[in-house]
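Two complexes, one shared chain (chain A), two partners (chain B, chain C).
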Partner chain A sequence: MLQLLEGIPTQCVAKQDKVSTGRAWSVFLAPAQIVKTARKLYEAEYSLEDVFALDIEEGFLVLYHFNRWNVDERVVLRVLISKDNPTIPSIASIFDGAEWHERETRDFHGVNFEGNPNLVPLLMCVEDVDFHPLLKTDKKRKQIKDLLNLGEVVSCNKEIEALFAEAEAEVASDA
Partner chain B sequence: MSAYQNLEQMKGDFYTQKFEAGKQDGTLIINMGPQHPSTHGVLRIVIEVDGEYIVRSEPVLGYLHRMHEKMGETQTWGGFIPNMGRVDYGHPMAWNWAYVGAVEKLMGIEVPERAEYLRVIMTELNRLTSHLLWWGAYILDLGAFTPIMYAFDDREMLLDILQRPSASRLTYSNFRVGGVQMDLDDKCLELIRTFIPHFRERLPMYHDLVTENLILRRRIEGVGIIDEDMCQRYGCTGPVLRGAGVAYDVRKDEPYSIYDRFDFEIPTQDSACSAGRYHVRVAEMEQSLRIIEQALEQLPSAEGKHIMDKAPKPSMKPPAGEAYFAVEGGRGKIGVYVVSDGSKVPYRVKLRAPGFSNMNAFAEAAKGTILADAVAILGSLDLIIPELDR
Partner chain C sequence: MAAQGSVVQKEMLTAGAHYMDPPIVNIQLAQDLLDVCRSMSLWPMTFGLACCAIEMMATGMARFDMARFGAEVFRPSPRQADVMIVAGTVTKKMAPAVVRLYEQMPGPKWVISMGNCAISGGPFKIKDNYNVIEGVDTLIPVDVYVPGCPPRPEGLLEGFFQLQRLITGKRWWPVAAEVKG
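Moving on, here comes the complex of A and B:
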């Protein structure tokens, strides 16, 4: 996996506990890197499982799950985008199956996938094009550190570390 | 131009109008569905045909959309289990399993050995009902009425078996976090034991009646090619992928529960066409029987009860975190991803439906085939519309 990511500027690469999370790797990426990474994964015979978003206080966390057929090494790519401009490049040109997943994510969260060939409502009706059912209310929305674990970090930049920093400090103080 | 074409209501809806924008000269645009019988639910496909040949097509989903993922965010962890029986009426046990498996991962729960065996037996029996439903309905789509009567005859026996531990005949939701709701009683075990040899006897008749039938073979052989590369690009799994020659099965390649204890094969076909997918599913039924047989043999020595002691209540509070759990359903890889914020209600439930990805490949597979082939391809994907739309 690390070999595969060579040459791609990642924000954070971490190993995950397979038993408790069901995944092997977690990779934070900047929106601009997602297409390049998807192409590398395609060349390494990964197949797309799903694309969806999480509504958190920091913005939208768009998640991509990939896995290979004969080696069980599930990878999750995470791209954090802001609420003001929820735009992210589409990977439908590499994984055709992403087209529908991206349309579904647009329906549910209002994330705009730039370059998707057919970004019209898929599951929601056309009349409700601006209604996004999975958006959280302010009261229910949580911060990323309250929801996710970073895992066993291999490399990580400061911005992502800062997102999780407080949670780790709290754990340390509890101990 | 006839007078009709000026009428507002003759223009078609948003999707038809958008599809019409790329229309070639001399072609015709037709809507297959949302009420077409071969779509088995409310699936609509807008198709552009040149004579009888499909130039391009676009599936329009959402007619059966119920927003299960939102329902997941509004009810308790345990309260969401009945939804799992309704996502996919073909193979609800596998969906039950995917969801409770994800929650168990989150909570770090180990299920008693006996419960694992019960889950395997029930899920495999349910896989048989799923494949029988597909088999009968597929042949019905292709114009033969009788086979579905035989398939439902056998399926009826399975439903009688499955209703004993689950108290329902179609939308099962008897899995619980920590085990299953009820144990299999003696009568039920006896029924399963008599069903296995009975069904083994029936399978050759299925082949004699249908598989070798020349009309069927002409309809499905070489039709609707979905090869390995397409599967990778679209994320197709299950019999579609195995029909393209890849021996991928979550039960073997991402082993969960106790599937590593059973001796069974992953049937594959290299033809990548509708016939390949047909043969894979029929061969899988025999493998499911093998798994059930072995599970029944090992069941008496399994430790524990059908559910763990002090199993979590429906209002459980899993610790904050995330978990992804995948199982092999009748149609392919079912994945459930859950995020918890430590409260009684899930923060996010994402359902990965195998049919959704399989259907995505339809437009490319159907290009250049004739309209009647579209029905053969749709059926070979084994579509369950509630699962596509969720």
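Moving on, here comes the complex of A and C:
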């Protein structure tokens, strides 16, 4: 996995506890890097499991799960985008199947996938094109550190570390 | 046409709202005879929306054998059908298709609303519901409601008996004996 990511500026790479998360690696990326990373994973014979978004206080966290049949190494790519301009490049040109996943994510969260060839509602009816049912209310919305833990960090930049900082401090104080 | 008249008028999406012209020559005896013929050869449409459709299929198969009551000919086209069994959850996206199928059926036609979802939205009738039609009778006129989640095949058969009673004014089949113990 680490070899694959060589040459891609990642925000944070971390090993995950497989038992509790079901994933081997977690990679935070900038929106601009997602297409390049997806291409690398495609060349390494990864398959796309799903694409979806989380509505959190920091913005939308768009998740891409990848898996491989011959090696048990499930990878999640995480891209944090802002609420003001929820736009992210589409990977439908690399994984054809991503087209529908992206359309579903657009339906439910209003994330705009730039370059998706047919970004019309998939599950919602056409009248509800501007209605996104899975957007949370302020009261229900949570911070990223309450939902995820960073895992065993390999490399991480300050921004992502800062998002999780308090949670780790709390854990430390508990200990 | 007791069944047609029995329908409560609501604001429907369908044009003409279930209306049929009276026959040019109206002889009551001939009409009654025709009604019996119609009720004994109901042709449902092959049309399932969710898990209720599985029970509907079971009703048509050998064990419950809807053919005994003259309703086994599931037609693959609305133009050949006269009963629409709305078997399952009607979503907002599906609603226009349901209405179109209903409008394509030639009259006289009847609708059985099968299962809780089709009757009222069932388990989807919640505050945050955003894509399920709460009751197919908000779209098209319904003659018989068969509750259940999903209803047993016996329930659907009973719905057909009820429909036959609506059409002819008479229940044709014996009532099942109550099982004790």
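The definition used in the following text is that the second predicted complex is superposed on the first by the 175 of 175 C-alpha atoms of A that agree within 3 Å, B and C clash if a C-alpha of one lies under 4 Å from a C-alpha of the other, contacts with A are read in each partner's own complex, and residues count from 1 in each chain.
The rule we apply is simple: contacts are C-beta pairs under 8 Å (C-beta built on N, C-alpha and C of every residue); 3 or more make two chains touch, one makes a residue touch a chain.
Small disclaimer: the values here were computed from a predicted structure and weren't measured.
Colleague: Quick check for you: in the superposed arrangement, does A:Leu123 touch first (chain B), second (chain C), both or neither?
Modeller: After superposing on A, A:Leu123 lies in contact with both chain B and chain C.
Colleague: Which of the two, chain B or chain C, is in touch with more residues of chain A?
Modeller: For chain A, the partner with the higher number of touched residues is B.
Colleague: Answer with first, second, both or neither: which of chain B and chain C does A:Trp100 touch in the superposed model?
Modeller: So A:Trp100 only meets chain B here.
Colleague: Between chain B and chain C, whom does A:Phe131 touch in the aligned arrangement: first, second, both, or neither?
Modeller: second
Colleague: For chain A, give the residues common to its interface with chain B and its interface with chain C.
Modeller: The answer is residues 123-125, 133 of chain A.
Colleague: Across the complex, what residues on chain B touch chain A?
Modeller: Interface residues on the chain B side: 13-15, 18, 58, 61-62, 65, 67, 69-70, 73, 102, 105-106, 108, 231-236, 241, 246, 248, 253-254, 320-326, 333, 335, 337, 339-342, 347-348, 350, 352, 356-357, 360-361, 364, 389-390.
Colleague: Quick check on the complex: what are the chain C residues that touch chain A?
Modeller: For chain C paired with chain A, touching residues are 91-93, 95, 128, 130-131.
Colleague: Using the touch definition from the top, list the residues of chain A that touch chain B in their complex.
Modeller: 19-23, 42, 45, 47-50, 52, 54-55, 63, 65, 67, 69-70, 72, 74, 76, 94-97, 99-100, 108, 118, 120-126, 133-134, 142, 146-149
Colleague: Looking at the complex, which residues from chain A come into contact with chain C?
Modeller: Those in contact with chain C are residues 123-125, 127-128, 131, 133.
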